[in-house]
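Chains here go by letter, A, B, C and D, matching the order in which they are written, and residues are numbered from 1 within each.
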Amino acid sequence: MQRQRTIDLNADLGEGFGPYRIGDDLALLDIVTSANVACGFHAGEPAIMFATFQAAKARGVAIGAHPGFEDRAHFGRRPLPLSPHEIEQIVAYQVGAACGMAALAGHRITYVKVHGALSNIASVEEPVARAIAKAIRAVDPSLVCLSLAGTAGERGARAEGLISAAEVFADRAYNPDGTLVARGLPGAVLDDAATIAARVLAMLEQGGVIATDGTFVPLSMDSICVHGDTPHAVGIVARLRQALAEAGHQLAAFAPVTP
Amino acid sequence: MQRQRTIDLNADLGEGFGPYRIGDDLALLDIVTSANVACGFHAGEPAIMFATFQAAKARGVAIGAHPGFEDRAHFGRRPLPLSPHEIEQIVAYQVGAACGMAALAGHRITYVKVHGALSNIASVEEPVARAIAKAIRAVDPSLVCLSLAGTAGERGARAEGLISAAEVFADRAYNPDGTLVARGLPGAVLDDAATIAARVLAMLEQGGVIATDGTFVPLSMDSICVHGDTPHAVGIVARLRQALAEAGHQLAAFAPVTP
Amino acid sequence: MQRQRTIDLNADLGEGFGPYRIGDDLALLDIVTSANVACGFHAGEPAIMFATFQAAKARGVAIGAHPGFEDRAHFGRRPLPLSPHEIEQIVAYQVGAACGMAALAGHRITYVKVHGALSNIASVEEPVARAIAKAIRAVDPSLVCLSLAGTAGERGARAEGLISAAEVFADRAYNPDGTLVARGLPGAVLDDAATIAARVLAMLEQGGVIATDGTFVPLSMDSICVHGDTPHAVGIVARLRQALAEAGHQLAAFAPVTP
Amino acid sequence: MQRQRTIDLNADLGEGFGPYRIGDDLALLDIVTSANVACGFHAGEPAIMFATFQAAKARGVAIGAHPGFEDRAHFGRRPLPLSPHEIEQIVAYQVGAACGMAALAGHRITYVKVHGALSNIASVEEPVARAIAKAIRAVDPSLVCLSLAGTAGERGARAEGLISAAEVFADRAYNPDGTLVARGLPGAVLDDAATIAARVLAMLEQGGVIATDGTFVPLSMDSICVHGDTPHAVGIVARLRQALAEAGHQLAAFAPVTP
């Protein structure tokens, strides 16, 4: 018996800058149900945000603000020495900017997912997770906070009274404690479309992930995070979507625009 | 007989960056009724925006977003080659960011005034003025657009259905066509507190300015723009406020926060 | 009878930033004899400059500083309102930075070619061309200035006493006055490898280009500018190099490192 | 008997950006003998570098490159997560840029002193100090490396074969191990002109500093670091210079331009 019939696929999008692009945003927008859009700090900029929001709107894809550290040169992947209070401010700024830009593009931000090093920190430091949640709540308390399942990110969002949604990764191996196997380690990143599809189906059926040591780790799963930075990656996601549909799962945004 | 008993004083504030400050923001916030706060493109940044919004809130001062070109090195004072569509996007981004940050600080943005070269262009190019107005309307149609009295900025805002407010400068000489005398020219900038106070009182009484050639130029006046980048400048503004009060004018924000 | 037996191929390289890349730098470095390397203003950054200089050194490819306007968001392709004096300063800064970084990578900058909008302006405004040349001469008077053949860029460099080298474009159509046909116009950019190779061979034989109206425009040609931003583009350059070799032309840097 | 009759006063200068200034650069340039000039990463920019180098040249003041982390928002005062190899690159870039700009201004960089958090790290991590020294040596092996006396900065510079110069602070208290008392602690920063002048004279006479516990810490002293970010601070430096002169010390750059 399947535990879940409706699921969301989310991906990071709009991560270009000026003349640069990462991945094929339009191809991904045809597959995913939620788009996490960079807000001009770690990547993205007004023009790309606008175009991405418009394209998402045209495809009925939900949009989330995807704030990060202000560090284009390292794509927001390095931890910067900011206090929780400063993090609160950069999140409020970026979420506000995304809401403004979405309005201009005729769409609406319905959730927030933090990026890169900021996400890594929020996953383990609850004061940071709460700072992020406070900023989101101040800008718009109806925004859903999308966090890595089972982490401080989830707890922080709930502690601040936000609606929290949990994501798991389609293509990453998990440790027995529910954290991700570090990227450098062997087997940390899955790369085979069939394996990934089968794994995600199993995760949905069982309501958790199988860790590297065989342990079952129960995790809530409102969304599955996918990546699309290479043509190969887009193919994996397309295959996953097809497998989900064939298995009877309905693909739908976890935070849809409501009237 | 005086034409107006209530008037607003607005000033550009929060224009520091990192370790840098321009003017004495707190001193000015004790005098003005509306604060135009830089949004991180030509000046300002999340931390300074937050602090300025909080200080304005504490003093009952209304706050406006003050978006500009992304050019800290020239303080947004140089015209950059952006299309009206691109200007729409940078304005939506900055106004959204300001709204988000204001919410975090417990205050609310009630108006928008564009900065520097962007303001100069909007004053003479109606397509740009309309692009700015479209962006503002998209983010929040209740935001008032503060423009230089009698310019394309005012017309563009109205044409897009925004509430428009007009400002005049306390310390600048006017040409017979209602434009400002260029800064470089002799007498363009007034510097004597008594002269400035007397001039503003006369402008309010007469409902317009006396141009350099003695012509009377009728102008609507919802706000008087003042400057505070030097201790001397702050003194001039304090004197002006006192003169206004003594003449029976009530100082109040043109776009107050309403419940 | 062939007019020239030795010729240089130059290309813009190192134009990535942070996580972003443009073109296949290593593939191009295996083909060209001179690499114009972005200096961190319109593109590039210390890490990419270092890696590109090292890779060029390993392949015996000459390196030039490729300074541009400080505008990553538009890749230095928009004219910014800088005075000749300010242009002098940004060129001196970037050329100096490139020389420092080249030294760290064990290589040496031997020439300078300005980028994008800065190049366009220098091609028609001799005061700007001279400002650029003054900056180059101040940093190192032995640096060669590579300019578009027949333009103010060439004249400005010579007027300031610099060694000037001239380039023509392999893949662009020319107007009868020796300027490039604007990109938007039909036939402005050539895209067929065989056509481009034949055209360049003819240009070298005849010492000039055939304009769109059939006119012959004599031009000095120290280098041929090629592009490599797509796999297809790299293929065109490889084919051109082969055609040049087969026709007996020797490929060599116009500004080699001398002991 | 006095140990030293010639001494240098150095100060950080050219730390403005765009419309912003820190301290009175011209007033300080009339007092110090060496100017550490920001290179556009933590502060400064081409125009300010040029103006500062010209003003230093006119006054016979030696100039040093003052590279820092690329973090204007925090003035280079926060440690950023860069590897020694990356630090090597940003130092080579900045020192090269400073050399280029100095040449344009008709002056010459003769030394390097790293800034803020980069200096703090180099003072305790010898691999970082050596990375900095390698970069300096690659750009110009005749450049002197100015470091905090008795720290890893000094050792790293010497280990890489650079000429090393040591500085002490005029206005800071020292711990018994020769490190500075942290800024937050009581008495860490001296603020009285007469006390500072007397203290520096004693340091020069004794060849070291008296630590907070009364211990004498012998330190080499090629230069005394002073600050000028307030009018009061400039007054302290002027008083110090006068006291040094009256005590028979000759003020002279530790790294003068030699023909």
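In this text, contacts are C-beta pairs under 8 Å (C-beta built on N, C-alpha and C of every residue); 3 or more make two chains touch, one makes a residue touch a chain.
Just so it is clear, the model here is predicted, and its values are computed rather than measured.
> Would you pick out the chains that touch chain A and also touch chain D?
B, C
> Could you see whether B-C or A-C has the larger number of C-beta contact pairs?
Of the two interfaces, B-C and A-C, more C-beta pairs touch across A-C.
> Could you find the chain whose CA centre sits the greatest distance from that of chain A?
Relative to chain A, the chain whose C-alpha centre sits farthest away is D.
> Can you compute the centre-to-centre distance for chain A and chain C, using the mean CA position of each chain? Integer Å is fine.
42
> Averaged over CA atoms, how far is the centre of chain B from the centre of chain C? Could you give it in whole Å?
Computed from C-alpha means, the inter-chain centre distance equals 46 Å.
> Mind pulling the residue numbers of chain B that touch at least two other chains?
Chain B, residues with two or more chain partners: 73.
> Line, ring, star, complete or other: which one describes how these chains touch?
Its topology is that of a complete graph.
> So in the complex, which bits of chain A are touching chain C?
Residues 16-22, 43, 45, 72-75 of chain A touch chain C in their complex.
> Using the touch rule from the top, collect the residues of chain D that touch chain A in their complex.
Its residues touching chain A are 70, 73, 78-81.
> Quick one: which bits of chain B touch chain A in the complex? Just the residue numbers, please.
Contacts found on chain B: 40, 46-47, 49-50, 86, 88-90, 92-101, 103-104, 134-135, 138-139.
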